[in-house]
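Data block below; observations after.
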Amino acid sequence: MKEKVVLAYSGGLDTTAIIPWLKENYDYEVICCCVDCGQEEELDGLEERAKLSGASKLYIEDIVDDFCDNYIVPCVKAGAVYENKYLLGTSMARPGIAKKLVEIARKEGAVAICHGATGKGNDQIRFELGIKALAPDIKIIAPWRDDKWTLQSRQDEIDYCKAHGIDLPFSADSSYSRDRNLWHISHEGLELEDPSVEPNYDHVLMLGNSPEKAPDEGEYVTMTFEAGVPVSLNGKNMKVSDIIRELNALGGKHGIGIIDIVENRVVGMKSRGVYETPGGTILMEAHDQLEELILDRATMEVKKEMANKLAQIVYEGKWFTPLREAVCAFIDVTQQYVTGEVKFKLYKGNIIKAGTTSKYSLYSESLASFTTGDLYDHHDAEGFITLFGLPLKVRAMKMQALEENNDK
Amino acid sequence: MKEKVVLAYSGGLDTTAIIPWLKENYDYEVICCCVDCGQEEELDGLEERAKLSGASKLYIEDIVDDFCDNYIVPCVKAGAVYENKYLLGTSMARPGIAKKLVEIARKEGAVAICHGATGKGNDQIRFELGIKALAPDIKIIAPWRDDKWTLQSRQDEIDYCKAHGIDLPFSADSSYSRDRNLWHISHEGLELEDPSVEPNYDHVLMLGNSPEKAPDEGEYVTMTFEAGVPVSLNGKNMKVSDIIRELNALGGKHGIGIIDIVENRVVGMKSRGVYETPGGTILMEAHDQLEELILDRATMEVKKEMANKLAQIVYEGKWFTPLREAVCAFIDVTQQYVTGEVKFKLYKGNIIKAGTTSKYSLYSESLASFTTGDLYDHHDAEGFITLFGLPLKVRAMKMQALEENNDK
Amino acid sequence: MKEKVVLAYSGGLDTTAIIPWLKENYDYEVICCCVDCGQEEELDGLEERAKLSGASKLYIEDIVDDFCDNYIVPCVKAGAVYENKYLLGTSMARPGIAKKLVEIARKEGAVAICHGATGKGNDQIRFELGIKALAPDIKIIAPWRDDKWTLQSRQDEIDYCKAHGIDLPFSADSSYSRDRNLWHISHEGLELEDPSVEPNYDHVLMLGNSPEKAPDEGEYVTMTFEAGVPVSLNGKNMKVSDIIRELNALGGKHGIGIIDIVENRVVGMKSRGVYETPGGTILMEAHDQLEELILDRATMEVKKEMANKLAQIVYEGKWFTPLREAVCAFIDVTQQYVTGEVKFKLYKGNIIKAGTTSKYSLYSESLASFTTGDLYDHHDAEGFITLFGLPLKVRAMKMQALEENNDK
Amino acid sequence: MKEKVVLAYSGGLDTTAIIPWLKENYDYEVICCCVDCGQEEELDGLEERAKLSGASKLYIEDIVDDFCDNYIVPCVKAGAVYENKYLLGTSMARPGIAKKLVEIARKEGAVAICHGATGKGNDQIRFELGIKALAPDIKIIAPWRDDKWTLQSRQDEIDYCKAHGIDLPFSADSSYSRDRNLWHISHEGLELEDPSVEPNYDHVLMLGNSPEKAPDEGEYVTMTFEAGVPVSLNGKNMKVSDIIRELNALGGKHGIGIIDIVENRVVGMKSRGVYETPGGTILMEAHDQLEELILDRATMEVKKEMANKLAQIVYEGKWFTPLREAVCAFIDVTQQYVTGEVKFKLYKGNIIKAGTTSKYSLYSESLASFTTGDLYDHHDAEGFITLFGLPLKVRAMKMQALEENNDK
């Protein structure tokens, strides 16, 4: 009996060509696994396609809710953003996929897992660190980094497939390199490779309008959160995945969440991409809007540092590590009272706040207003400033004294 | 001869009422000083007004360029933003004003400086820490925190002025509490004191349109920076203050830079404000857009932490401290090569990137593309991942071994 | 019926004099509460003394185990050290005392809590922030900051007591100002107020020898930890408080844990103290010794930052805050596998490692040695360095190219 | 004419064997370069040895003062320590060596640089990142990672040398793996590879005594610093390298600066070493002792974070980067006033403070003492605490109110 490999399979040309290649070069039985994170790809007919290409089996695994609840929600709670802009859409999905691949590999008794990520990108790292952390004994095969892989273009792949009896209608034209899931879609390649070029959003965008094409009428939205987790949208309780789906529609319509970024990859180079994250952008902002009322200054400050750490960790594919767990434990404590309602208006790329309430709000109108009250009087402010400025004043006095001495 | 006090004077009701109050309660000669940071107030007739109110002298000091070059530019270079949103408009101006007040006080041989900030806000701290750091021997008088100050309303102040022979046409109606300078205008008070209420932007805004009222046509802008400092706008070299002025007009027109925030004050309470920073928002984003091409990942990460520190320091009024200087020294090194051109489009609240170039760009199309080259081959990626994931794999193997032992 | 105040009572002159003062100035019924954190003071006769001084009741509350388990252990797990040296002995005890005082106040229906900390120190802050966080409605009385308190010296206090019929044998001579609990003793005042003066350790030390007076023979100690918590000493399982007690004896004997520090107080000034923390110093080092084997580099690095945060928070008296809880949640995750045995030798102020073992050790002799093996080969190192150094090399190439262009 | 390679040469067996290997495998002319960082190796006869082994030339380059002034001093100013213990002895020397190798390579027109570091350690990274940053066009050869290198033991190397006509008296016995320079010596390998084993310090130590073998009499030392740089020792002005040399003698004698550490290497594994840094340990502590008097709390806190960053950067070999320069610029500002005198006693492994003075000291006896004065009165403390504790109290009140509502 042959040893088995589990292949992360999308049905596209790249991963299809890998099936015969794995059989030819490694003599494995190939188990395909298509992990659905909300990429909205055609799943009908995928099984025939995989089998026609030589796979012995296809798993289609829907992890959308797992992705939302266990990867997206912790990052939303944290407010994790990579390099000020990137909402980690691809990064958050990879560990969940890796986990599912390991699960299937265990079930099948497979000795190896194969993925189709290239040798230039971050995803190879994220897949492989996920697999190493969960199944250090399983061999990882990355054809694009393998000396035995000689296919250099889509046409090479099509020819290779044909030579192995796989005659499927793939186009030889390459488009943008894209990654899509429920949270986002990324676009790279073609003219985007030149950062001096303005993206042609009419070509690039898939999830919605540019701000300029968005409706002339804004639209109000309300959301509620409980302990940092979104629980309802426009008054209707929904699970997180449904909230994101709905926000994607709303955000896409109103031109929200389109970014154009040159980012630093883990592998040491810069890359340029356009990302659409319509629902995610709204969700993060709404969460932020609520937190403003609830977190004290010191917590907010340290949480910001932790959010940066989390963004780095997730971007680097280090999800299954004690450090990621520790950071999330920190975040969870800060979220205990992040409960309340936010209202905002979506309008041509803008998310405009329209009122926030929380029973845990630390905002106090009487405190903030210009008169004093029980909690606080003007003498307190004076005392505060005296001590707050003491080190600075002592230093200034010391320097003044030294200068006077020098003058003599 | 009487001792002198220097009063930070705006010509408004509050600071006008302070003149007779200082004379009555402290028996000082009052020297007024109006420090112009670009607040666009009426300066004509200010001298008569001050003298009519009992001041012996009025200084009008234009520090707009000092404010831009020595306070705004360091913060732009850093990308300093307080609590994710506030661009520090008021905070950056206070130390410059304090410095000028001290300068006038020294020139006049004054023993005290007086300011009209309230006992609830941050500005008292910023003024006073500035003064303490530069002139620890000078007494500070803050009437709003002074037991001898009994005026509780605008009407009280008007009555007090009248009783002291000052009959000026002040309105007893209060509006939003505002602070304006070249960088921004803040609005607080009235209905804004309730964070559940959506601001009425038609009433609030002074520097431009809301996104909804902005023109239907976007507008392209190009800017160049040298070593992190903006040097030209749409192809014309200008000094920083002129660039900000021009960007204010552009940004205001296109609905850029309006924020609605609940922030944590230094004095421990939350407050809610609406801030307009049209030019500043563009400037910060443009700078960020350029940095993306130039800074490496590690520098960007640590710079982000330093930017947060700087935002805290500036917000807290600790400008004249070794820590602020040290942070700025760090930032300056990172800015050496932040030189290049950015292009973007302003459209209804959006700043949309339209191309970035720099001779110091670390972006390399050949590196980022999907093929390998001289600098890097796929084996390198494999080796990198092996070592990058080593701690995680060693741990996983250890845990696996322990579990197997437990199973026995 | 009179309103009640709970007074933090030690039986010393200061807190004794406060009893009649509270009755005279506030007309309260005074409930004394002596909270025992291991200060080893005489408790016999304390009740008579309190009552003789006018208190209606004395509570003696032993919180030693609470102090150890809920305040010390979290700080040991974190490795929290203030300004590189101070092991937070006094800081960690204050919130526990505040909590107990609030508990007694609630039980007694008291309206106020009174403490004897001075207006210059950190302890007033720690007591009061603890009380505010747990019982914001309770009034706090700090006689040393109260205008009605006119006693300026020990002699004044003795006279005041006598005048109120309290004739107890207090000495008018002042010694060092000391604070002691199970974890440490601090010494301030007298000649220590001049940082240019070397402490006379023969006078100062109370818990043990200076290194020079310590025995000429070293002594081996072994300890085990489970999930970061010390569980046994020299092979004997003990509760944490007993481990600390025993380590205090060992450490004191061998001259361990004496520091001489100039520290920055919360209230903005520097102060100089000598602290003895014999057992605590050993405990922290032993924990550190074990962690070296277990924590990965990234976790260790971020944990160090969290430890600094915790030290700041605890020093500032902000124990009962969401931020402190969040930091501790982070730390707890890092401690899951900090289980194992450490051995070390105590010798004249030195803690010399003598071997460490843990079943969760990430140290691998085969990996660390100079030959390669399965997990790793030399090509991997080469690939790692290529990518690790890529940003740096790309920049260097860019700069080289620019220089060459300039040369032309 | 053959292409040239510059070989980092020590005269030891490893680098000697590399000479014929380079000629045989790369057909280069071999230029040896022995960079002297204070390793106290025999330099007499080195030239003959290099030439006898086939090198065409030997450079002996003394960079001790460069090492001290440009690498050690910045790290001392920062207080950079890796993983709480390691004073970066080897890490700081590598970039200086790399720089010198590049300089010689340029002078000789060499196309490659070769080093003898292994594929498991940190030093390969530090050498190579240094070279890449300074000369990205120069090829790097690391024989221990090269497939053509087949020598696996000292005996293999000796045999290889003999076969190539090099008959030198090398011993086949291996000892500890050591790295020495003016700052420190590291010991790895042999029994130290097992962290459960106590080091045999009698065998290991080379720079001085263990605490137990140190003299029974302590010894006082005084040092002065100017702007963070050590300038005199026991009253005698000396250059930094001489101060370190002298402190090495003093520290070695008194058993100072011996550490036993399990550290996390850059390449992802843990390693165990014993390091002796007698002078460096004293220097760092003395600097720290002085800073206590001078730095304010906020500066000290942020500087600590910067020191950790610097330690990471230096450990990782990223000396020649903008981030390292930026961190050092930060540090330099903090050091402006770190000027003064420290006195301490060395005694059996202990550095015991014996008095510190500085004209820039922020310590003020009158402020720190228990009475109040001009700068500060007890009302100020009360006001400070009210505001400092305000967020905490407001939250507590809010929670109390919510609980009361729930109770109804």
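Read from first to last, the chains carry the letters A, B, C and D; within each, the first residue is number 1.
One rule holds for everything that comes next: a residue touches a chain if its C-beta (ideal position, glycine included) is under 8 Å from a C-beta of that chain, and two chains touch if they have at least 3 such contacts.
Everything numeric here is computed off the predicted structure, so don't read it as measured data.
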Interface numbering overlap (same over half, different under half) for chain A and chain B: same
Interface with more contacting C-beta pairs, comparing B-C to C-D: C-D
Whole-Å gap separating chain B and chain C, where each centre is the average of the chain's CA atoms: 39
Separation of chain C from chain D, taking each centre as the mean of its C-alpha atoms, in whole Å: 31
Contacts with 2+ other chains: residues of chain B: 264, 267-269, 296-298, 305, 318, 321, 361-362, 364, 367, 376, 379, 381-382, 384, 387-395
Chain A - residues contacting chain B, complex: 83-84, 118-120, 124-125, 128-129, 132-137, 142, 144-146, 152, 177, 189, 193-198, 211-212, 218, 255, 260-272, 288, 292-293, 296-297, 300-301, 304-305, 308, 312, 316, 318, 320-321, 343, 347-350, 352-357, 361-365, 367-372, 376-379, 381-382, 384-385, 388-389, 392-393, 395-397, 400
Contact footprint of chain C on chain B as seen in their complex: 296-298, 359-362, 364, 367, 375-376, 379-384, 386-388, 390-395, 398, 402
Touching residues on chain B, where the partner in the complex is chain D: 264, 267-269, 295-296, 298-299, 302-303, 305-306, 309, 313, 318, 321-323, 325-327, 329-334, 336-337, 387-391, 394
